[in-house]
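One structure is given below, encoded as structure tokens.
For clarity, chains are labelled A, B, C, D and E in written order, and residue numbers in each chain start from 1.
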Amino acid sequence: MGSLLEVRNLKTRFYTQGREIHAVDGVSFDIQVGETLAIVGESGCGKSVTALSLLSLIPWPPGRIIDGEVWFLGENILDFDAERMRRIRGKEISMIFQEPMTSLNPILSIGRQLTETVMAHSDGGQRAAHARAVEMLAKVGIPEPARRMTQYPHQFSGGMRQRVMIAMALICSPKLILADEPTTALDVTIQAQILALMKALSVETGVSVVLITHNLGIVARYADRVNVMYAGRIVEQGVARAIYAHPRHPYTSGLIASVPRMNEPRGRQRLVPIEGQPPDLGALGAGCRFYPRCKYRREPCRTNDPPLREVEPGHWSACLLTDLEFDPAAGS
Amino acid sequence: MNATQMASPAQAQPVLLDVADLRVHFPVSQGIVFRRRTGTVKAVDGISFSIRRGETLGLVGESGCGKTTTGRCILRLTPSSAGSIRFEGRELGALSHRALIAVRRKIQVIFQDPYSSLNPRMTIGQIVGEGPAVHRLTRNARQTEARVRELLGLTGLADDVYGRYPHELSGGQRQRVGIARALSMNPMFIVCDEAVSALDVSIQAQIINLLETLQREFGLTYLFISHDLAVVRHISDRVAVMYLGKIMELAGSGELYDHPRHPYTQALLSVVPIPDPDVESRREPLLLQGEVPSPLNPPGGCVFHPRCPLATDICRRVVPVFRDIAAGHQVACHHV
Amino acid sequence: MNWHRILNGLLGALVALGLTSVGAMDVLAQKRGGTLVMVVPDEPPSFDGHRETTFALIHPIAPHYSVLVRVDPQEPASGDIVGDVAQSWTVSGDKKTYTFKLRRDVKFWDGTPLTARDVVATYRKIIFPPEGVLSARQAYYLMVDAVENPDEYTVVFKLKFASPAFMPALAVPFNFLYSADKLAQDIHWYEKNVLGSGPFKFKSRSPGANWVGERNESYYRAGQPSLDGYEAIFASKESVRVQAIRGERAHIEFRGFSPAARDDLVRALGDKITVQESTWNCGLYVVPNPHKKPFDDARVRRALSLAMDRRGGSQFLSRIAIVKTVGGIVFPGHALAPTEAELEQLEGFGKDIAANRAKARKLLAEAGVPQGFKFKLHNRDVDQPYKIVGTWLVDQWRQIGLDVEQWVQPTGPFFKVLRSPAPQEFDVSIDFNCQTLINPTLDVSLFISADIGKSNNGKYIDRVLDDLYERQMRESDPARQKALLMQMQQRLIDQGHYIPTLWWHRIIPHSSKVKGWKITPSHYLNQDLGNVWLEE
Amino acid sequence: MTEVAAPWSGIVLAGRLQRGGGALLRFARGQPLGAAGMLIVLLFILAAAGARFIAPFDPLTPDYAAMMTPPSLSHWFGTDDFGRDILSRIIFGARTAMLVGFVASFAGATLGLVIGVASAYFKGWVDSTIQRLLDVFMSFPLIVLALAIVSVFGSGVNNVIVAITIPMVPRCARVVRSSALVLREVPYVDAARALGFSHSRIVFRHMLPNVVAPYLIMLTSFMGQAILLEASLSFLGLGVQEPTPAWGLMLQGGAEQYAESAPWMPIFPGLAITASVFAFNLFGDALRDVLDPKLRV
Amino acid sequence: MLRYVIRRVLLMIPTLLGVAVLIFILMRLIPGDIVEIRFAGEGGGVTEEMMAQERSRLGLDQSLVWQFVHWIVGIARFDFGISMWTGQPISYEIGLRFGLSLQIAIMATLLATLLAIPLGTLSALKQDTLIDYAVRVFSIAGLATPSFWLGILMILGFLIFFQWMPPIRYTPIWVDPVANLTQLIWPALATGYRYSAVATRMTRSAVLEVLREDHVRTARAKGLRERIVLVRHAVKNALLPIITVIGLEFAFLLGGLVVTEQVFNLNGIGLLFVKAVGNHDYTMVQALVMLVAMVFIVTNLVVDILYAWIDPRVYYR
């Protein structure tokens, strides 16, 4: 496996009401061919902005990528002009969004929305695009695909709409899919269907997936590797199993400890929450961003911003402490 | 483990709330000049359960299953079409306006959305103090303020939020304000309608712990409505699973999660991912086919039959009876 | 640049210009052809002259009809009555029988000859309208006993009693001669149709927009009309009408423009514009409500009159409003009107305004009216001259310490309030006395007691006035008649029943191409356009 | 970035606006056009309030020696056909405009607010009856309704205000009702009901204050419209009457007739109308952007 | 859909009935009836008897209820009756003038739409730039400028600078298009400016809103060309509110012409309305108000149908 995509020191900022929001602040990671990489974190940690930044989809105003590189197939696509970037979008890298209701254009037929994607990236005619669209709809499990081509998004259920989104994302056989909370808006039974479908398709087509979610369960079930984000930074990076078993960052361990688990007996034991609130991304101080909430904080953490370092092969953490200094089992 | 072993202290307590054959049907009308009824949405269609004092009943299900409507019905925010809701043995529907206000005080609610559940034009002090002041639980402004500050302390809020507005607080803080408001009426019973669903996990844990602490301290009874099965298991003594306006299965939480009997419960539990890759690698989700049918036109017989792997002919024709299969374990299925 | 001086200079120049061109007109040979375009401020509600009372009917429709007698078109300002269809007439010794001989060459434009039968049918409709037919001036003919046609070209009017008002009533320009046959067919036919014997035939109309007439080739007056036709364009806003003349989209407007509009036109168009002016036979009055305090006190009413600087008003208002001449109740310039010297002797008409106002204040104080006393001046929602003069009055009264607000109403409600029976709603109202023919003897009937005359809007009873009125009506010696009228005037001033402001002033700035038309003191008169021609 | 775009986020900002001059500054920075509008509106209000001290001449006294003089050092905007100073009349006219603008829009929006909230809260037949009635009033064009009302009650400032107010009521009621309908389902109203509060308390304490955003927006948008309507009515001769100084009135009659020789007569009052309505709209737009960008007026 | 239209048409009846009652009462409340005005001229001596006779001829001596029922029954048979002022059938009087007003309304609408959609879109795309500010100032100025004043200035400008004024005689467009347009383009401009201002603002805010919507982001993420994103996904979706506002304004325009027609002396229904109100021509005012209300309601219906045509979500049962 080789790197499909490499992100280096990505920085995206938003400028609102005279404030500068450090939404993504020096994020680096890579994606291997065929793997599913999860980016996990709480709301406002910058995970969605990271995904949008990869395709330069940050609207200006108010947002702007101010630094960083995104290497895709040997080229830094952040340097691309608008037209070259357009040819990457949907063709090489495509996206699936959270709200299947609002992410589809309500007044265009499903067929039109699928074929226009094909037409944007190929010289083939309307007929070929139509055939491809029907094929994709069938592939994502939509019954009577030819008939449903003429229907509009509101005539589909939430799950079906998300299947359409998946079909749309895969229709040009991209190499990478950025799935931004693809199932958050769905019920659990539908969520399971959709995730299973995505997994099956990614295995079948060999497409790499970046799965952005706040749900640790989904990560555990579907991701090969995990990036944990907090306050615009990646604080821990590694293989999923390793991270769940031995979190090396206090935030990760706190997160895992605060989630109730369905497989554990009730026993009225207390959850271990992370006290406090995430920091204001418009007013960051020096030092570790997790410092105010960290159970294990030390004086140096207040002033020193820890870089991501490899704590064991393939496992990176942005914490000054060694794993002897905190007890990862405390919360579980 | 069996149901009797799971018996919590609440088992010995008297029944606080008893819901019997509750139905909430919304008419769907057509016509502008002459309206006529053309259909009925059966949001809640004949459910029965009871909650004992000090107990937490979890109510889970997918969106549109009627769990929120059930809660609103108990709060008298939505009128019921049929059935009875008895609180402390008194039928809520039969109460006079005055008596209802008195009872209403004892039943409070915590909503899902911490953004929209607080009046943005009132300060925290006003929001929490309004109930006690209006219902004369406190005698004057000074007492009200003291009471509010006490409640803020109880819910883990700093004293300085008293004069602030909801938008100045974070989501977690707002949810604490919502809890303080509910507590301000000295309630016995609180309907938690997706009370932690909108919160991030780290904050969610804080609120769950707070709810548990308060329950212990004040002997509160909760109806905990949520779609998050893990959270429900964590907090509930007993759990009811709803599907299309009906309860499919009701049991003690350990019993239900460890030995689900209804095929819907089984499927539901299997698809919820567990945040542990080791566990996950050993699980195989039971994927249900299709989606939840419209409550406007629910399937005949067992409402679950179109998606049920066990469905047979009888399921299509006969509505299964919600019956006891073990002590404290009820299921509505022909095949159990 | 001093706009004032220029304006004043122009003003003098153009009056002179207007007069010379009018004078010079007769010398020039009339030319045939052309279409006269006039703008008309309003549109006639129906086409029946007998029924309507508005100039808006006269201007577009009068050219279609002949009348029995009319004011001399050669000297329209004189008020002399000459025949139109009537060739001659005789009056019996008791002045109770009038016999008219008709011209024999008059034809309706459908070819049928106009005979005595038609004239009788017309006047019977006017004087004795059948049930359901409206005749607006029926009341003018109370003296008429019968109308008959002893032969085909003779018409006889028999009166119940002799009256000097009879001939002027006959000469009312609304008395179009209709076809007896048409009237027999449908007495309402003329409300929606036109068929006359005048110089112009009806060609077309577009409601709300225009009215077009074309030459009646069989018109009986030789050489008339000169015009091929005319078009009346309806435009209710004065600015639009002025702009139409200014932009040379129309030749003339027959009702009258404001002085400022005249100045604008002259300045912009120079000698392309000719101006004709005349005092208008319309008196603008103020009526205090004698049934309302403090106007029940004659001293207060007199004070209102004394406060008016009529001389100054004449000078300044005549630059912005269609009022000018200072006068009493008799049309200024008429033989029966007081001379300038006589007028100056009247209270409130003198030149010493400061003394007048001092007296006014004194009268108010005596009557117990406090300084800053507030009341409303009831006025009509028409700019010229009502609202402008109203605004002027407000200022005049302010100068004797009265605080006046205008209560302006659209025409309908205005008349409703003004004419309502006593006690009326208004404090003080504007009123006017507009007459077609100049006939002071008749015109002053407005002022007689409410129970006799019915049209006085102060709704007062004043037997002294009634007596004077009766006496002047019967008086045949002009000098004594004038003296009696003067007494009436004095009585009105003492009582303050009706307070004259200024007489209207008619200003017609028209394209210099328009020839042959002469201004009259009434915008109802001399409108058949038979003698008008265009110099292209 | 998933910003919470709730309808009450506007109110949140309104709450912020209420406090401190710092907020004012922030408004000015975020909405430069709006701030400019606010400044002009303030200028007009000042002119109206201090007309007696600012105006160089008496607006009512005719000066027959100075009839229709062009703009000069003594008469900056020239004089009208009565020789009255146009600048002074415009300054005093601001009184009429502001009076009509504020009173009519305030009355119209407030009545609309009450009707809208009541209609939404009570639902059922009350709502449908009110809706039908509003339909009826809405199908009358603004000017036609105003025209009819002035014809009935007569002209004069008070009646003009009534005539302008009435057509505004249904427009505001519509907007407020739709906001209130949303509010009715908002959890804090449910919470108030669960707390056992009375209808009146819920309506006045919990619903009314929260439709303030659409209310304020309608209010500012009405101010400009009211001034324009007043001008239109005056232009048709149905507004306030001479010699009261009013902008619309100044455009009518002489100003029109003498437009060519005395163009200052129509130009300056027209500019005054345009400038004030422009300012109100600028301010209103900015307010809408801040309070509730989704609301369309 | 057809059933929906039928139901909407049925629903018009109570609204129109309400309008009818309201205007009927309003007209009777105006002091001074038509007969009084008719004889208000400067050249008459009119007696009470004559007025009474005229009132009875017009049916004004009947009870109000009878008059109302009589009128409504007429309307139900599409018979608006006779103008009390001119004695002509109202349908004839209105028919003469409706074409002109409608032409101005349509011209103003076209003008406004052609101006508003590109300008509004541009303004939204360049939000908070100089271009945006310029468009916004231009459009707010449109809202703030009284159309009659604009009209006065136009005519004044023509007269002073070109010694020219638009024709004052109406020529139907099928008779002489050039003459027709030289007359009507100016009032269309004067009213169209305000109209375009309203539409521009709506376009701007609607496009801005749509641009913020998720599906536009989806369209970009699919790699569609920017032009397609803008036209097919942004502007087309923004059309709904724009159509609403254009429709509403169109309906209001017929009322707004009241003032403009005065300035340009156009013999349209606005002028007719003012005159009819001035004359207290009850039947005419009533008919005109009913007509305008009808246009308003029908326009709304058309807008709603357009809505359904553009937006498949709108489902009319």
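Criterion: contacts are C-beta pairs under 8 Å (C-beta built on N, C-alpha and C of every residue); 3 or more make two chains touch, one makes a residue touch a chain.
Computed from a predicted structure; not experimentally measured.
Student: Give me the step distance from chain A to chain D, shortest route via touching chains only.
Tutor: Steps on the shortest route: 1.
Student: From the centre of chain B, which other chain's Cα mean sits the farthest off?
Tutor: Centre of mass proxy via C-alpha means gives C as farthest from chain B.
Student: Looking only at C-beta pairs that count as contacts, which pair of chains has more of them, B-D or C-E?
Tutor: Of the two interfaces, B-D and C-E, more C-beta pairs touch across C-E.
Student: With chain centres taken as the means of their Cα atoms, state the distance from chain B to chain E in Å.
Tutor: Roughly 54 Å separates the two chain centres.
Student: Express in whole angstrom the distance between the two chain centres, defined as the mean CA positions of chain D and chain E.
Tutor: That gives a centre separation of 22 Å.
Student: Using Cα averages as centroids, what's the distance between chain A and chain C in whole Å?
Tutor: 90
Student: Mind pulling the chain C residues that touch 2 or more other chains?
Tutor: Each of 237, 239, 246, 268, 409-410, 413 in chain C touches at least two other chains.
Student: Residues touching two or more other chains, restricted to chain B: which are they?
Tutor: Residues of chain B touching two or more partner chains: there are none.
Student: Any chance you could list the residues of chain D touching two or more other chains?
Tutor: If we look for residues of chain D contacting two or more partner chains, we find 151, 154, 256, 259-260.
Student: Taking the complex as given, what residues does chain D use to touch chain E?
Tutor: My answer: residues 33, 132-133, 135-144, 147-149, 151-152, 154, 224, 228, 231-232, 235-236, 248, 251, 256, 259-260, 263, 266-267, 270, 273-278, 281-282, 285, 293-294, 296.
Student: In the complex of these two chains, what residues of chain D are touching chain B?
Tutor: 4, 6, 8-9, 11-12, 15-16, 186-188, 190-197, 201, 205-206, 209-210, 212
Student: How about chain D: which of its residues touch chain A in the complex?
Tutor: Residues 1-2, 26, 29-30.
Student: Mind pulling up the chain A residues that touch chain B in the complex?
Tutor: 42-43, 157-160, 187-193, 196, 214-222, 240-241, 244-245, 254-266, 268, 270-275, 277
Student: Okay, in this complex, where on chain A does chain E touch?
Tutor: 52, 55, 57, 59, 61, 82, 86-91, 94-95, 97, 99, 102-109, 116-117, 120-121, 152, 154-155, 165, 168
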